[in-house]
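Shared between the two complexes below is chain A, which has chain B as its partner in the first and chain C in the second.
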Partner chain A sequence: MTKKVAVVGVGYTDFNSMTPEVSWKEFMYEACQKAYIDAGVDPREDIDSFITCSEDYWEGFSIFDEFVPDQIGAVLRPCCTVCGDGLYGLGNAYMQIKTGKMNIVAVEAHSKISDLLTFGDIGLFSYDPIFDRPVTGSVDRTHFAGIPSYEKNSPKPLVGKTNEKERIHPYFLAGLEMQNFLRKTGTTEEQCAKVVVKNKKNAFNNPNAEYEVNITIEDVMNSEYLFKPIKKLDISLNVDGAIAFVLASEEAVKKLDVEPIWLRGFGWSSETPWISTRSMDANYAMLASRMAYKMTDINNPRKEIDFAEVDDRFSYKELQHLEALGLAESGEAGKMLDSGDLDLNGSLPTNISGGSLGIGNCFEATGLQKALEVVIQLRGHGGKRQIEDVHTGISQSWRGIPSGSGAVAIFGR
Partner chain B sequence: MMTIKSKTEGYPRYAPGTHVSGRDISNKNVTYSWWEPEVQYSWSLGPAYGRFLQELKKGKIIGRSCKKCERVIVPPRMFCEYCYRSTDEWIYLKDTGKVETFSISYLDPNARRIKEPILIGVISIDGASPMHGFMHYFNDMKPEDLKIGMKVKAVWKSEKERTGSITDIKYFKPMNEGDK
Partner chain C sequence: MTFYEKQTDPSSPMHWLGDMQADYLYPNGKAGDKLFKHIKENDTFLASKCINCSKIFFPPRLYCEDCFVEILEKDWFEIPSTGKIRLHTIVTINTYGEKLNEPKMIALIDIDNTDGALLGIIKTDNIDENLIGRKVEAVFKSKNQREGTLKDILYFKMR
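So, the complex of A and B:
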């Protein structure tokens, strides 16, 4: 059995708020083709198994996995889909290689969220239908035995023409969590605003980022409240993009002409879906990281980890996640931000890629975006945003609103 | 030590009672939760499907070739799924083909019987490689006349009615002598 598993190839598209010029298939093809060229492998010959990560409702297909083999090179080959974030796919690839049955495995995740017209409603669809959805606004439509009946003169509702006003946007849950986080840790709204300023500035050095902008803490603070205490600029905006990874066993690495980046540790965890019962402290990230630290033999993450890419789809999430990962004490992450520790030249550079606030929210590809940046940095391919002297990096994902699940992957040279 | 019950132990073989009817639900005699999501998508077509549908609007069927595996692919794709490379050229095809398989369908999505059965099947398009084509309706024939291997021809909507959709072809009809 192989002892070690490495990332041997990465490929990715540009990240754009809209991509009307390509279908999701061509988009996935581009990312995978680039990853296979990067690794120097032929998917039709060399890759033993293919994994994609997607959520049917984002895509608009039932059993979306049936529609992926063509564009990733997996026709008539072992292929499966992980219904979840890209980091889960990476973990599955790791496990497949560890079985000894597979030597080289490809992982793909993407967002083509611009194809979805009713984003907020699909978000609400992930809430508990008996307890949580009914209190996001009343929807009173006449129906008979489970089949809706519409008014004769408006047989089908159009976008934005239904009782939309009566429903709350699903992101309100982040408002609940942020309120709790600020109170518990003493973190301020200004510190959260500073995360936005930092990440959007970092994105200037990432040519693939979509939302780079020079703004001040005041700009964020003055943006309107959407889900108090969350303001408009605290929220990452949606983006389209595809990312692919090629992983290989230690033995297979030797046959490839690549500099391997080792996947040294991996962990994942899920909280209860009960909004009233779960932690609101990102315990999923805490437990996933402990699992990964144990596997990597990391006892003092603050010292042994050089830089971090953590989920920052809402500004406070970056600070909350850093604390959950044990990279900051409770209430300390905001102070580290204030003292410049999270900057490019700081002691723990965080979301140097621009994060989700700077690049955009790429949904199931978010975890792979974090992992991608760690690989780029460890390879020394960061260009203007290259962090000096890095050996170990951590990437962390969260499955997004309203989930309490996430994964952690640790990479090393 | 945990004891594992056999599957039937402790339960009656048949639980007596009254089945819930549709009327019980509509009269709200049973408690249930109801939610209707708003689900709408608008998929970007990209160069391959986009061109294909534009050509349908003009009353033409177009495919793409892969020079490596020597296939003419329809509906067209920008990459070859077997060779894993970009495809090469656009090729216009005929609007005739061969029935590969078919079914005569009698039920609507709610499993209610429909009056006139729908004839549906897979057509290999002439000019494309074998087993390359798409699914469509058949009409202008009796259900019992529909056969595998039968030659068929597209019946198009009028130019005005066409919108750039697979249904710009109304259906396929049996090919008569003299049809091109």
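So, the complex of A and C:
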């Protein structure tokens, strides 16, 4: 059985707020083609298995996995879809290679979220229909408790827009979670605002980022409350982008002309989906990281991990996740930010890629975006944003509102 | 872009406008059915208790998520429709990102005598006040208008 698994190729599109010129299939093709050329492999000959990561409702059609083989080179080959974040796909690829049955496996995840015209309403679909969704004011039709009917007084919603204007935006749950985080840890709204300033500034050094901007803490603090204490600028904006990885066994690496970046540890965890009983802390990230640390033989993550790419789709999430990962004590992440520890030259550079706040929220591709930055840094390809002397990096994903699930992957040179 | 040619004319991309219809009939489930039938006739809630770990679920469930054991009918009981605000947020935008007619306060309410919580709308005169820890009670629709859904609770008010 192969002992080690490496990333041997990465490919990615530019990240753009919208991409009306390409179909989602062409978008995936671009990322995969780049990854295969990066690894020097022919998907029709060399790749043993293909994994895509997606969610039908984001895509707008059913059975996404049926629609993928052609654009990733997987027709009539082992191919499957993980309904989850890209890091879950990476973990599945790792396990497939560890079976000894597969030598080279490709993983793809993407966001083509600009194709979706009713983002907020699809977001509400992820809340429990019986116990959570009614509070958002959704689907107030005359026959609510019976068969839906479209009559004169409750017409079928129009494409892209319904006449139901009082349904609240699904991000409200992040407002509750942020309040919980601030109260428990003593972190301030200003410190969260500082995360936004840092990541959007970092994005200037990432040519693929979409939301780089030079702003101040005051700009963030003065942006309006949308889900108090969450302000408009605390929220990452949607972006389109596709990312592909090629993973290989230690034996296969020897035959390829590449510098391997080893996937040294992986972990994942899911909280109960019931808002009624789950914690508002990032326990999923805590447990996923402990699983990954154990696998990597990391006893002191703060010392052994050189840099981090963590989910920052809301500003507070970066700080909450750093603490959950054990990279900061409870209440310390904000202070590390204040003292410059999370900057490019700090002791724990964090989201140097620009993160989701700087690059954009790329949905199921978010975890792979974090992993991609870790690979770029470990390869020494960071250019202006290259962190000096890095050996071990951590990437962490969260499934997004309203989920309590996430994964962690640790890479090393 | 890996393609031989790229689009350079911004007016040229074409699309097909989809209008996916997605209506479902979500069964309340056995536990939900029992709860909502109760709420239809009463101004109180029901909870269920795991005999293994003593965790009290609201909304009530048929099984314990911690112990993975069934919760029997005898371990259901009536509880008041009151609780304490654990967290709250003020929502100002709808699903399209447009301003709501008026901001809504949504709270996570720890329901009294249980280990469970419920999302609820809070009606208050001063929406900017910190209401964490405040006692609240459910305000229901009048009994003849109840349908047996969570919407039978109109909102929560201060006690």
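What we mean here is this: the second predicted complex is superposed on the first by the 395 of 413 C-alpha atoms of A that agree within 3 Å, B and C clash if a C-alpha of one lies under 4 Å from a C-alpha of the other, contacts with A are read in each partner's own complex, and residues count from 1 in each chain.
Following the convention adopted for this analysis, contacts are C-beta pairs under 8 Å (C-beta built on N, C-alpha and C of every residue); 3 or more make two chains touch, one makes a residue touch a chain.
Note that the structure is a prediction, hence the values are computed from the model and not measured.
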Using the superposition on chain A described above, determine whether A:112 touches chain B (first), chain C (second), both, or neither. first
Quick check for you: in the superposed arrangement, does A:69 touch first (chain B), second (chain C), both or neither? first
Applying the touch criterion given at the start, work out whether A:227 contacts chain B, chain C, both or neither, answering first, second, both or neither. second
So, A:124: does it touch chain B (first), chain C (second), both, or neither? both
With the two structures laid over each other on chain A, which partner does A:60 touch: chain B (first), chain C (second), both, or neither? both
Quick check on the superposed pair: does A:279 touch chain B, chain C, both, or neither? Answer first, second, both or neither. neither
The chain contacting more residues of chain A, comparing chain B with chain C, is C
May I ask you to decide whether A:347 touches chain B, chain C, both, or neither, giving the answer as first, second, both or neither? neither
In the overlaid three-chain picture, which partner chain does A:29 touch, first (chain B) or second (chain C), both, or neither? both
Which of the two partners, first being chain B and second being chain C, lies in contact with A:21: first, second, both, or neither? both
Do chain B and chain C land on any of the same chain A residues, and which? 20-22, 26, 29, 33, 60, 118, 121, 124-125, 129-130, 134, 144-145, 147-148, 159
Which residues, counting only chain B, touch chain A once they are in their complex? 22-23, 25-26, 33-49, 77-79, 81-84, 110
Hey, which residues of chain C end up touching chain A in the complex? 1-3, 6-7, 12-13, 15, 17-26, 28-29, 32, 55, 57-59, 65, 86-98, 100-101, 104, 106-108, 115-121, 132, 147-151
Give every residue of chain A touching chain B within the complex, in rising order. 19-26, 29, 33, 36, 42-44, 57, 60, 69-71, 73, 75, 112, 114-118, 121-122, 124-125, 129-130, 133-134, 139, 141, 143-148, 157, 159, 162, 164
Seen from chain A, its contact residues with chain C in the complex are 13, 20-22, 26, 29-30, 33-34, 60-61, 118-121, 123-125, 129-132, 134-135, 140, 144-145, 147-148, 156, 159-161, 165-170, 172, 175-177, 179-180, 183, 224-230, 272, 274-277, 280
